[in-house]
Amino acid sequence: MKRTLQHLAEHLGARLVGDGTVSVAGVASLQSANPEAVIFVEDPRHLDSALNSRAAAVIAGEFATSATGKPLLISAQPRLTFARAARLLHMRPQDLGIHPSAVVAVTAHFGHNITVSPRTVIGDHVRIGDDSLIGAACVIGDGVQIGTQCRIDAHVTIYAGTKLGDRVVVQAGAVLGSEGFGYVRDTTTGRYEQFPQVGRLVIEDDVEIGANATVDRGALDETRIRRGTKIDNLVHVGHNVQIGQDVVIAAQTGLSGSAVIEDNVIIGGQVGIADHVRIEAGAIMGAQSGIPSKKVIRGKGVVFWGTPARPIREYLKELAFLARAAKKP
Amino acid sequence: MKRTLQHLAEHLGARLVGDGTVSVAGVASLQSANPEAVIFVEDPRHLDSALNSRAAAVIAGEFATSATGKPLLISAQPRLTFARAARLLHMRPQDLGIHPSAVVAVTAHFGHNITVSPRTVIGDHVRIGDDSLIGAACVIGDGVQIGTQCRIDAHVTIYAGTKLGDRVVVQAGAVLGSEGFGYVRDTTTGRYEQFPQVGRLVIEDDVEIGANATVDRGALDETRIRRGTKIDNLVHVGHNVQIGQDVVIAAQTGLSGSAVIEDNVIIGGQVGIADHVRIEAGAIMGAQSGIPSKKVIRGKGVVFWGTPARPIREYLKELAFLARAAKKP
Amino acid sequence: MKRTLQHLAEHLGARLVGDGTVSVAGVASLQSANPEAVIFVEDPRHLDSALNSRAAAVIAGEFATSATGKPLLISAQPRLTFARAARLLHMRPQDLGIHPSAVVAVTAHFGHNITVSPRTVIGDHVRIGDDSLIGAACVIGDGVQIGTQCRIDAHVTIYAGTKLGDRVVVQAGAVLGSEGFGYVRDTTTGRYEQFPQVGRLVIEDDVEIGANATVDRGALDETRIRRGTKIDNLVHVGHNVQIGQDVVIAAQTGLSGSAVIEDNVIIGGQVGIADHVRIEAGAIMGAQSGIPSKKVIRGKGVVFWGTPARPIREYLKELAFLARAAKKP
């Protein structure tokens, strides 16, 4: 959707320098910018390239205030302003209603301006809030609650009873609320029988979940992902896990049953977190690190690496020692 | 479904102590129990909390026989009895027939009391046994055989020719019978061409497979998962793999082509098992461990850890040595 | 589809020894061969078993020229010839047209001899080339381009704007063109907001992608997978990643944003490649190895292993030293 720079400046809280009547239609990189694109610069060294690009306008920091050649939007956080500009410019049409090929229970309840795409199945007593979009071929189980302004992409499965807050984004193929991996072994026969998985899954506002990720519901109680947490593709979240606010979890990481991840933790890709682990607020887990069962990781801003995970300084010393020692004759 | 304690005691083989006319509607944890819930206690130290909870009744070991305050179901394996109580109480309605939005080949054959949910596609010559439930939006390929009392959740893909035994559970998004990853490199062009993947996949009775897991069929012969094995979310099983009975495989573990896993093996999460590996009966693979190509792992009840996997005692000694040595000036 | 050996010999460029009128219906292993199967032998030691099997004919190297007992197809690359024979013999019926239960936009454009299977959703301005087959229950977003002779299996999601070349194979449940994992943290509130993910995904000719794999589109520019690359199940490819020609990537490996993988690289299973890593042409990454952010891996034909990845000779020396040192009293 085209916007004038004047409009963008007002909505983004940026300072306009130059012609506000210029229109832009989207965001782009310096390399790919066309004459209707807005780009951004964080580093003063790239300002010249930005001004020489084909872009219509540049979002930049205070350092660019006196630059000439293109209209500028000056912001204290240019990358953030750029991200918000993209949201305004790349907004998708909503309010398409319920496609006739969807299978919708009569007891389902819909807010205003919702979209239910082709082939989606909506169970009994489902509630979907205003301005939410459900993609094609989803399966939304009985009693699921979805808040406002959510976006659920194609082929998502949401098991019965799961609750999603507002502005939740779930990418294609993700599975929410599946049964956890808990078994009881019969000591007489040696066979495994499923421990009850009758809890639920609660996902709070502004959470985003990647493609083909899986999040199990609680066994008897709940699995919960708190406000603002972002989860990448193919991540596994086990039953009873508690994830705090504004946590970031990169692709293919796995969280076993009953793990607790506190607020503002950052977890790299392919990290393995065993059952009943606690990672305290603000810790940073390096990619592929592993945390054994029941361990507590503590240290705001401290990076941990390796399996078992230890402070990265220790781990790097060990690696250096090993490389040296192994070379000796 | 509500049941009296008398009914539960009879069906679970537990000893009733107290009022058998009390009805319960489900299982719960101590914390979440409501007055229609049954809970369980394995550890005598938690008995008092259980008796003081809101639950209607308590499943417990012999240690609780003389407790008062609530009706009790006494069992030698209270956790197992609790799991079985859950199965009785949380039984779902079956026998819903074939939803009109399903696309079903006329040559498909169905047993009694089956459910085929909305939008599911059933291919030619598929056979589905009595009391089985196929979830919404599944794709069941030509010639697939599914036994009795199976539960296939939403969005499951089963490739043509796959065979499932009885009481098999497959969670949402899992893919069964896909083509294995086998290529032949043309030595003149350097290009890869697919090695034939024309075998099949056989899954025996009581196997359970997690959400978004993938299991490839055999290249020329078969991939087989034997009775009672449980596989967690996002696990990968390659072509020609043979998995024994009562094996447990946690989330995100990968088994490469032609690996053999014998009975009663336990495999943690994110374990990597290379091609042609053999893990002999009863071995335990720690999370994130890795077993290189063609290795044999032997040792009933022995825990292996690290990459390459070694007995955990050795591995812990190495870690301890390294931590000590790296600290020296 | 049955073929005479004469026909096979001509189409495969193999030399026929024996009766060319014999018909075969498929490929098989030595063990499972029936009298209509063709098998292959690479190793002269297995020739006798092959000649004594139930197979109709044997594909073998020059070493077998004077063997008797069965018709032979002699080839310099018997495994490759076998693979090509399988393609001829196991060809599937095509040209089934568009199933009436598919939801197809009127602006979509189809080549000749295409198949669109039940329940598939095809968006606006999609283009599908000649002889391509789209499986059941796929969701093909607006503007997607699919070349000729492609095979897209069930439950595949292709996000809007993605482009696939010719002869691309995508297995069930894979997600192509999802949004990358990029966020900007607002320094005043501490909250994450999505960085724009408005680029696209381009997949070139002869690429194959495994079940439940995920490939993100570019953030501002493109993610690209070049000709002939093969990707296994549950692999994750992040935004802006560039993968060269004839690369092989085994199951559950993850490539973070902006990684570059050059031609002919071989990557084992569960490898973790951090953002902005470059792996130069012909390097071989051992299973579970990890490459930290921005590192460059160089060495045609050199195997790297461990986290952080190092030449395998170094890594094995370190492991040997550690095992020895930890055993000392």
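Here the chain labels run A, B and C in written order, and each chain numbers its own residues starting at 1.
Here is the rule we use: a residue touches a chain if its C-beta (ideal position, glycine included) is under 8 Å from a C-beta of that chain, and two chains touch if they have at least 3 such contacts.
Values in this document were obtained by computation on a predicted structure and should not be read as measured data.
Student: Give a one-word verdict, same or different, on whether subunit B and subunit C use largely identical residue numbers at their interface, taking over half shared as same.
Tutor: Different-residue interface.
Student: Only C-alpha atoms count here: how many degrees separate subunit A from subunit C in terms of the superposing rotation, rounded to the nearest 5?
Tutor: Roughly 120 degrees of rotation.
Student: Please compute the C-alpha centroid of subunit B, do the same for subunit C, then give the distance between them in whole Å.
Tutor: 28
Student: For subunit A, which residues are shared contacts with two or more other chains?
Tutor: 119, 137, 155, 173, 212, 234, 252, 270, 288, 322, 325
Student: Please output the residues of subunit B touching subunit C within their complex, sorted ascending.
Tutor: Of all residues in subunit B, those touching subunit C are 103, 119, 121, 137, 139, 141, 155, 157, 159, 173, 175, 178-179, 181, 183-187, 190-196, 198, 212, 214, 216, 220-221, 234, 236, 238, 252, 254, 256, 270, 272, 274, 288, 290, 292, 307-308, 310, 314, 317-318, 320-322, 325.
Student: Residues of subunit C touching subunit B in their complex?
Tutor: Against subunit B, the touching part of subunit C is residues 26-29, 31-32, 77, 79-80, 82-84, 86-87, 90, 99, 101, 117-119, 135-137, 153-155, 169, 171-173, 206, 208, 210-212, 228, 230, 232-234, 246, 248, 250-252, 264, 268-270, 287-288, 306, 319, 322-323, 325-327.
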